[in-house]
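Each of the two complexes below includes subunit A, the first together with subunit B, the second together with subunit C.
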Partner chain A sequence: MSSVRERRRRKARMDAVRFVAALAITVVFLFPVYWLFMTAFKSPEEIFSNPPTWFPSRIHWVNFRDLAEDGDLRSIWNSVVIASVSTVLAMLLGTMAAYSLARFRTGGEKLAVWAISVRMVPPIVLAFPLFLMFASLGLVDTYEALIAIYVTINLPYVIWMMRGFIEDIPRELEDSALIDGCSRWQALVRVVFPMARTGLVATAVFAFVYAFNEFAFAIVMTRLEVVTFPVQITHHFQPMSTFWGRIGAMSIFGCLPVFFMIIAMNRFLVRGLSGGALKG
Partner chain B sequence: MAHLRLENIHKRYGDVHAIRGVTLDIADGEFTVLLGPSGCGKSTLLRVIAGLEEADEGSILIDGEAVDDVRAKDRDIAMVFQNYALYPYMTVYENIAFGMRMRKLPQQEIGRQVAWAAKMLEIDELLDRWPRQLSGGQRQRVAMGRAMVRKPRLFLFDEPLSNLDAQLRDGMRTEIKQLHQTLGITTIYVTHDQIEAMMLADRVVLLNRGVIEQQGAPMDLYGRPSNRFVASFLGSPPINYIDGHVRVADGAAHLALSDGSSIPLAGPRAAAIAAAGPRPLTLGVRPEHFLVADGGDGAIRSRVTLVQPAGARVFVNFPIAAASMMGEFSARQRFAPGQELSLQLDMERIVLLDPETGRAVDA
Partner chain C sequence: MLVADRAPRRVGAWRLRSELFADRHFKHVLLLPALLFLLVLGTLPVVYNLVLSFQDVTMQAENHAFSGLLNYRRLAGDARFWGAWQHTFLITGIALPIQLVLGLALAAFFLGDVPGKRIFIALLVLPTVISPIVAGASWRLMFDNQFGPVNHMIGWFTSSPPLILWTTDPAFVYPAIIILEVWAHTPFVFLLLLAALTQIDRGVLDAAEIDGASAWTKFRRVMLPAIRPVLMTVVLIRFVDLMRLFDFVYALTQGGPGTRSETISLYTYVLGFQQFATSYTGAVAFVSIAFMSVVLLVMLRRAAIGR
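Up next is the complex of A and B:
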């Protein structure tokens, strides 16, 4: 009896140690985020005070108001538009290409490897040729230019990921649908998409996050009209001063779209769907 | 119900010639089993019939109408797959109803059909469940229900029992046969399991390397195989082969073996063998074609090396001319390793083969 009690006590102790360790690690990793977010609500004096102010004495909304008045929020809208449209296009084209590679072995194994190798080129190498190209077309500082670039960069990733997800779907499910009365397109919509739902969502989230955060192409391709969030945030690092409060506020705004998207998609990101399709 | 005709079907995958000119007639309501070792082309042939693969040459006719350019969905065929192929994101009801929904049948009719199939397959309690909540046997029943409700012209089964354990397989095999008897739908069933084929089929089509080796009633293939491949493939334990040379003396034939001994060939067939004169010959002897003899000159003498009792039957190993044989006898007969054996061949039923061509020899 006593050994059982002793074991339980030891287990409780270990659980407590683990909890404290996990908490410490979380605090370390979340601290910069906390500091940035708090900075958004501090007065300039509090930002630079020594010893530092851990929590603002009162919530200052001035940074958010300044961003709204100066038109900075427009850059977040630009990022949302560019990332959304480019993700939808990349997913549409990429999934169809992946289906072709997975099911019809289009181009053999070589085409699939070539597709992913495109992703391995350092983006900055392409930035200036692309700039010249888009400049000659009069497309610099337009949604179209950045959307085209992000679709191009995301396509290999989407193709590669979706090819794997589609290959994992048992072919018999599609065959069964084809015999049950589906055309190839209907089988794609009614069988492949539902079966690959988790893969589709996960891939789309990564493609969106890439496009939303991308900096190198954005700084080369934008001027005034379609400046994106990562480029706009650098405007607050000025030669004479850095506007930490605005940077903090901008960061909060910038995190929100991705944050809400992941919350909304979380259900799909974690759920495995193919259980029970085949022999168990 | 439908009559199916395949005319000179060829299918190639790159350099692999998977099906080499298969011609086959399947009568209305017939239960045909495509049998063969893995890689023989039987599943490919089934997929070609289903419209999931296109034949490179040849033609498929259902009720006299060529369907080569008809898509799978319009061939009015239902198929049951080896791994069930149930849609995991649909309930049992939705799985069974899927084909009818795609064909835009009225909801009421769909409900009636699903209820009919579910009752027949005894899965009416499971209609609200998900495939992942079902056992292997239940999943197989759902897959069959999905095929049944379509009332198709052709039923295709692609090794549907391979994933089930032995006991369940026996039960499902009986159910499939009963289902065929009840519905009378022309059925093509692919398997590599010869016992399954023998028990289910009206007709067995034995394929090897993309060609039909032999087709016919199961017992015809078993009893009168056209060649060595067919003789070897059917039967468990497998057929035994005794190689020798026919010698004729005083009008009587006997088979001289490599170790100097000989087997007298008696009975009506022996006369025909003798008439054909001396030649090399292989005797294909199924385990049950060895009979215990009561000694005498005509008997084959050997010695028991191994005894394997199997309930009502007993399998006994013994050598003939250094080759190991297996005989099957009634368990009422007693055998022990080392025991002397005196055997006869059931001459009317053994298979005679030309050792060079492997083809059956008439006699």
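Up next is the complex of A and C:
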């Protein structure tokens, strides 16, 4: 009896130690983000105080009010528009292509590898000729240019992810739909898409987050009109910058939605982060 | 095929024919739009870039005549170009092993019973999924020499807070960039390896324990071999990503002081978009593409990609 109680007590002690260690690790990893977010609620004196102000004395909303100036809010809106439209397009075209690859082995493995090679090119390297191409068409600093680029970069990702998800759907379901008189297209829309629903949502979330966070293409392809929020943040990086409060406020808007979307996709985290290379 | 069995609908002949075409060439029609995007905006720019690199287009003169290896010959004597590669390899060579070891250690730790495990893991995702520029901004603020908490915290252990200029002192820009990179991607490594560790058959581990294996032996002889394929994939993903490091350096040091921390991606950006050395940028960019292609080939040879 006593040995059971002893073992239980030791287990409880180990759990407590592990809990404290996990808490410490998490605090270390979250502190920099906490620090940036907190500047949003601080007064300028608190932001620039030495020693640092760990908690603002009271919550200052002034930084959020200032977001309406200089296009900060506009840049977040631009990011939402560009990421949303490019994600919808990439999902539509990518899933169609993935279905073709998964069911008909179109182009064999070579085609899938060529697709992924487009995503392997360093963004700045691809951005340079793309910039020249779009500049000659007068399309620099337009929604169209960035949307087209993000569709292209997300396509290989969507194709690889969705190919995996579609391969998991039993073929018999489509076959019976075809026998029941559905056309190929109807089978795709009425059987395959609904069956791949969770995969579609998970892939779309990761594609959206990529486009929403992206910086290298955005800094090259935007000037004034369609500046996205990561680019806008870097515009505020000046020596002796007084904009830290606003950078903090923009970061809150730019991070929290992304964070909760990813957390909701918990089950597909490994598959999503590894670009479909690992199934988790 | 089955198309013929369908009851005829009241549609024009042309429409019927186009529908038949779409049905017969179903698999190609599905693929076509994606293919067009990838060709025109993915592969064509790379070819265009290659063509440019054999011309002599500069800010002053648009000379589109073939000029041989002019730009590639220039690479040999460009100290800034070689420096940028060196910096890129240096950061990769230090940051990658650190994030691997830390990520693996974290994964091993969270494999055990930790109360509230799921919440901790969810929170740890944050550094990896936020925009790299936001991550960079966080650390730019953390490292500030006047009001940043990093110097202040170091002061807790020394007599007084040191005055380290993290983002401008040549001795500290690398530690700063590497800390940011390790912080941002250790959680990435951790999540992927934790998933792999979780899938190891408990029975195998129990058997090893019964046979009297120590924790270290169990880790070295059972767990590590089991997660090797995943580990390789993680290394490759991180390697490819680190070799094109751009946003973190842009946010933290902009390649400075001088060109001390300039990576190859940053140098390509400066050449193309600040110095407008069009054809020469083409050559520099093409070297990166060639390098990445070799990496991709080795990767495929090793069959580290997915299936």
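We adopt the following convention: the second predicted complex is superposed on the first by the 251 of 280 C-alpha atoms of A that agree within 3 Å, B and C clash if a C-alpha of one lies under 4 Å from a C-alpha of the other, contacts with A are read in each partner's own complex, and residues count from 1 in each chain.
To be clear about the criterion, a contact is a pair of C-beta atoms (placed from the backbone, for glycine too) under 8 Å apart; a residue touches a chain by one contact, two chains touch by 3 or more.
Computed from a predicted structure; not experimentally measured.
Colleague: Touch check for A:L173: first (subunit B), second (subunit C), both, or neither?
Modeller: In the superposition, A:L173 contacts subunit B only.
Colleague: Between subunit B (first) and subunit C (second), which, if any, makes contact with A:G71: first, second, both or neither?
Modeller: neither
Colleague: For the overlaid complexes, name the partner, subunit B or subunit C, with more touching residues on subunit A.
Modeller: Comparing touch counts on subunit A for subunit B and subunit C gives C.
Colleague: Tell me the contact category for A:I262 with respect to subunit B and subunit C: first, second, both or neither.
Modeller: In the superposition, A:I262 contacts subunit C only.
Colleague: Of the two partner chains, subunit B (first) and subunit C (second), which one does A:M195 touch, if any: first, second, both, or neither?
Modeller: In the superposition, A:M195 contacts subunit B only.
Colleague: After lining up the shared chain so the two structures overlap, which partner does A:G181 touch, if you call subunit B first and subunit C second: first, second, both or neither?
Modeller: both
Colleague: Jot down the residues of subunit A that show up as touching in both complexes, subunit B in one and subunit C in the other.
Modeller: 178-179, 181, 183, 273-278, 280
Colleague: Spell out the residues on subunit C that touch subunit A in their complex, using ranges where they run on.
Modeller: 2-3, 5-7, 19, 22-23, 26-28, 30-31, 33-35, 37-38, 41-46, 48-49, 52, 106, 109-110, 112-117, 120, 122-135, 137-142, 146-149, 152, 161, 183, 186-188, 191-192, 195-196, 230, 233-234, 237, 240, 243-244, 246-247, 250-251, 264-266, 268-269, 272-273, 278, 281-282, 285, 288-289, 292-293, 295-296, 300, 305-306
Colleague: Can you name the residues of subunit B that touch subunit A in the complex?
Modeller: So the residues of subunit B touching subunit A come out as 47, 50-52, 71-73, 75, 77-79, 81-89, 98-99, 102-103, 130-136, 139, 146, 150, 163.
Colleague: Tell me, which parts of subunit A touch subunit C in their complex?
Modeller: Contacts found on subunit A: 14-15, 18-19, 21-23, 25-26, 29-30, 32-33, 35-36, 39, 47-52, 93-94, 96-97, 99-101, 103-104, 106-107, 113-118, 120-126, 128-133, 148-149, 151-152, 155-156, 159-160, 164, 178-179, 181, 183-185, 209, 212-216, 219-220, 229-231, 233-234, 237, 244, 247, 251, 254-255, 258-259, 262-263, 266, 269-270, 273-278, 280.
Colleague: Write out the stretch or stretches of subunit A touching subunit B in their complex.
Modeller: 170, 172-173, 175-183, 186, 191, 194-195, 273-280
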